Amino acid sequence: MIKNIAIVGGDLRIVKLANMLEKENYEVKTYALEKDQEITNKANTLQECIKDADIVIGPLPLSSNEYINTPFSDNKVKVDELIENLEGKTFIAGQIKQEIYEKAEGKNIILLDIIKREELAVLNAISTAEGAIQIAISETPKNLHANNVLVLGFGRIGKVLSKMLDGIGAKVACEARKTTDLAWIKAYGYEPINLIELKQNLNRFDIIINTIPFVVLNREMLQEVKKDALIIDLASNPGGVDKVAVKELGIKFNWALSLPGKVSPITSAEFMKETLLNMFKEIENK
Amino acid sequence: MIKNIAIVGGDLRIVKLANMLEKENYEVKTYALEKDQEITNKANTLQECIKDADIVIGPLPLSSNEYINTPFSDNKVKVDELIENLEGKTFIAGQIKQEIYEKAEGKNIILLDIIKREELAVLNAISTAEGAIQIAISETPKNLHANNVLVLGFGRIGKVLSKMLDGIGAKVACEARKTTDLAWIKAYGYEPINLIELKQNLNRFDIIINTIPFVVLNREMLQEVKKDALIIDLASNPGGVDKVAVKELGIKFNWALSLPGKVSPITSAEFMKETLLNMFKEIENK
Amino acid sequence: MIKNIAIVGGDLRIVKLANMLEKENYEVKTYALEKDQEITNKANTLQECIKDADIVIGPLPLSSNEYINTPFSDNKVKVDELIENLEGKTFIAGQIKQEIYEKAEGKNIILLDIIKREELAVLNAISTAEGAIQIAISETPKNLHANNVLVLGFGRIGKVLSKMLDGIGAKVACEARKTTDLAWIKAYGYEPINLIELKQNLNRFDIIINTIPFVVLNREMLQEVKKDALIIDLASNPGGVDKVAVKELGIKFNWALSLPGKVSPITSAEFMKETLLNMFKEIENK
Amino acid sequence: MIKNIAIVGGDLRIVKLANMLEKENYEVKTYALEKDQEITNKANTLQECIKDADIVIGPLPLSSNEYINTPFSDNKVKVDELIENLEGKTFIAGQIKQEIYEKAEGKNIILLDIIKREELAVLNAISTAEGAIQIAISETPKNLHANNVLVLGFGRIGKVLSKMLDGIGAKVACEARKTTDLAWIKAYGYEPINLIELKQNLNRFDIIINTIPFVVLNREMLQEVKKDALIIDLASNPGGVDKVAVKELGIKFNWALSLPGKVSPITSAEFMKETLLNMFKEIENK
């Protein structure tokens, strides 16, 4: 049974997560979160924090350089120092880099990347969709309601976003390549647009939201887009839009990344908590 | 048959409206809109603009002092001057004050206030609802999805807003007094809350949106509201929230007025156009 | 405070209602419901049943001839006999005829017709809409989903039915006359069709559902309807469809009356109970 | 380019399909459909029908014994005879048995089973869901609206059915095993129920609809179900319900199979046509 949890570093979501885990009756010790006022059980050292823990939780993303991310702390924690102290532990964090997996090898550490959990990706799609809707409302002089909106891609974000846009009253079209996805788009009541027919359809839309992680809206495509349209790109680097062309063509463009943490940090923490509880159950049942 | 339309003054919505009426094949002359680049048929004088018009259209709101509103013009047009030139005409504008009706009396002028048209009020409720949703997403650290949202009042805005919130995935409760409204709330699938049971229910909601034009959220009520809730007030002066109390209690509060013109000026112009076309038909059929 | 309730006669809905009122902790006595096995507190005579009652409840509809409706009883109760025993009482039943009001006059009886309560009409519209959807699915060889469905009239049933049809995935158009209703139809996301443009639009629809209580689909209109369309008429006598013409033209037609009692007697009883509780409160507050 | 299509045997859906393909400008020849009046291009023999065909289409299901299914014909066509005449052809039919694949081996015949196309399965889920809703409305004395409905399984039918039930106003809960599916259920706004918590939740539901193709509702589970609940089983043999136990426990039960063909044969034909056109494109692009 998992009971003692150590939390080391992290942003507002991790702070909220610490409180939520306490409410679920876990014993939570924290380190490198001391600047937040809500945090209670503060360990004085990394060692003290981790020592009795059944599970150690780290930042999301874990690190961007040789230190782990600790925006709520004056303490700096080196990745190497953390690894040394994890011997025999299960450590859960987000966006753990390949080099860190390599460092942990042979040290009897179980590293789990919460970002790879599919249920978290599904839940985060909800927050991303809401963020996209906020942008779409605020950056266009027209209503979403009764307006033609095109969603590129029918993966996780495409599915949730289409549902919300439809729910708010937009006329939603979704682009996909696979016949199965096109059947789903029809089943959900949106207009299906096959990728091979995308080009000739682009000029019907006031708002185009991309979720595909490669450049589908290249210069040739962008030339078909209405000059007063808004393009929102939700796909991470390199995104789905030719950034140079979109600028040259004077089309309004918003590359909106990492929306869940920005738009709804508390809900994001809740989704992380739910995912962690699933992970705990799986660990306990092994 | 209405054919010639004179448009005098007004903001961006009136500019867009002028273009839309031209696309519907009306002959449009404008005055006091000359600073907008899209405007074509510019009359040199007020008289020239109005002379042959079947209908004269003015700003929305018409005036806030002795001049009519002309933000797109260097020309100042006195209300009195306008009235003098309207003899024998039908004049349509927004929020026409009682004193102006009095001035027009006995002068063979038909004054019509477009703001009093119920279909426009219904359509504007769509824009108001979208604006409220944008605020709700951006000013809370939680998702709307799966969150408890309370709408006070089930009039035009309450109805459209509840539908959109539900469509985006919120758990919507609506407050009303009348048993019929409560039955409608149930029929639409929201949770009905009778005004007399409002107080004991307030602490369940993260977001409360008022549409009732009198102070329903007084200090006594506000004391029941969650400290980290967001209150959005969509009701015009005096609004539905005790402004002093809400500040003293430290509850996040946004008094959001005139959203349609701010959030979606182009759609607002379209709604005005649709309403005008209805008015034209009624005038022609008299 | 209302405490003792007498129930005299009625169909399955009244039986269910009796049980529901007991669960709400009312003292319920019944007469002329004795053939149902669930009924407990059976009075031996009409007088015994009514004697101590704060409120007396009768059938819905109350009567179709000189006797009140008592399908669950071998006892026959004359309307006149009932009236004689109601002196000093408040009596609630459904579809109380004018002649019965006249008979009760001057006898210190308060007669209330539950059918005239608007909240009940709204709630019953839910059941009617479900019944219409069941008919539409079972009597057409096509899906409702993605199909063009026309609803005539945007009153209570029109509103609820359109919402459900839209929810099931149909492409919904609604006919109305008033500009305000047309604006509401647009706000709710359906296609608005003005009555004056109805004729030229009729041939687009596979399913047409009427809710208007006068003959809108006359022969001239019906000649525009697709030969393989289905027309469902939910309006009570004379209905909204020329019965002779629809038959001669060979169009599939279903005049579906009194759906709530047929499709969902238990939910109908619940709706009656809710309405009664509203009436009780109003009586108590007088 | 596919141009000439031979259609051999089949039910009403195949008749409709023949007409639809003609409207798409294919040259269609038919055999063993001669008893339907709409059918035009009737070949006199199987050989004549197939001879010039680019594609041959057969019944769905293809056969239940040594003959193929030809309900619209007096001609009997042996499976073996058909196979002999398909040399060099591409043949598309439904539910082609393993033994028929074996018979065709080495004969230069391409056999394609349309039932295995995932887009058809998705589209047919729409018809199945509508059929289930019709049953749910007609076989319960309560409304679906505001009622608690449980859907077992969140595959194709589960997804479409939940959306429709939600759209009609039911309170929808979905059972699933996988954490990802449970996250999707939450994202779509239904109540997620983990299989391991199913048993203790069963007694909350008035309607339970199974889509899982193994016996999830065994006797132990069924004992938890309300006595006046309705269970609809949409899963093909053996279904998801212990048939003996459900009968002994006196729970209302409907095993509803092959709904698309029954509820909406014309839409089913359309879905087959769309799928065929996808298949044609893939064949042409090879």
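We just call them A, B, C and D in the order they show up, numbering each chain from 1.
Quick note on the criterion: a residue touches a chain if its C-beta (ideal position, glycine included) is under 8 Å from a C-beta of that chain, and two chains touch if they have at least 3 such contacts.
This structure is a prediction, so every number in the text was calculated from the model and none was measured.
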| item | value |
| --- | --- |
| Result of counting contacting C-beta pairs for B-C and B-D, higher pair | B-C |
| Equivalent interface positions on chain A and chain C, same or different at half | same |
| Distance-maximising chain from chain A - centres being C-alpha averages | C |
| Between chain C and chain B, distance of the C-alpha-averaged centres to the nearest whole Å | 37 |
| Interchain centroid distance [CA atoms averaged], chain B/chain D, Å | 50 |
| Multi-partner residues of chain D (each touching 2 or more other chains) | 126, 145-146, 163, 169, 186-187 |
| List of chain D residues in touch with chain C within their complex | 126-127, 130-131, 133-134, 137-138, 140-147, 163-164, 166-169, 263-267 |
| Partner chain D, residues of chain A touching it in the complex | 117-120, 122-123, 125-126, 159-160, 163, 179-180, 182-184, 186-188, 278 |
| Interfacial residue positions of chain D with respect to chain B in the complex | 145-146, 169, 186-187, 189 |
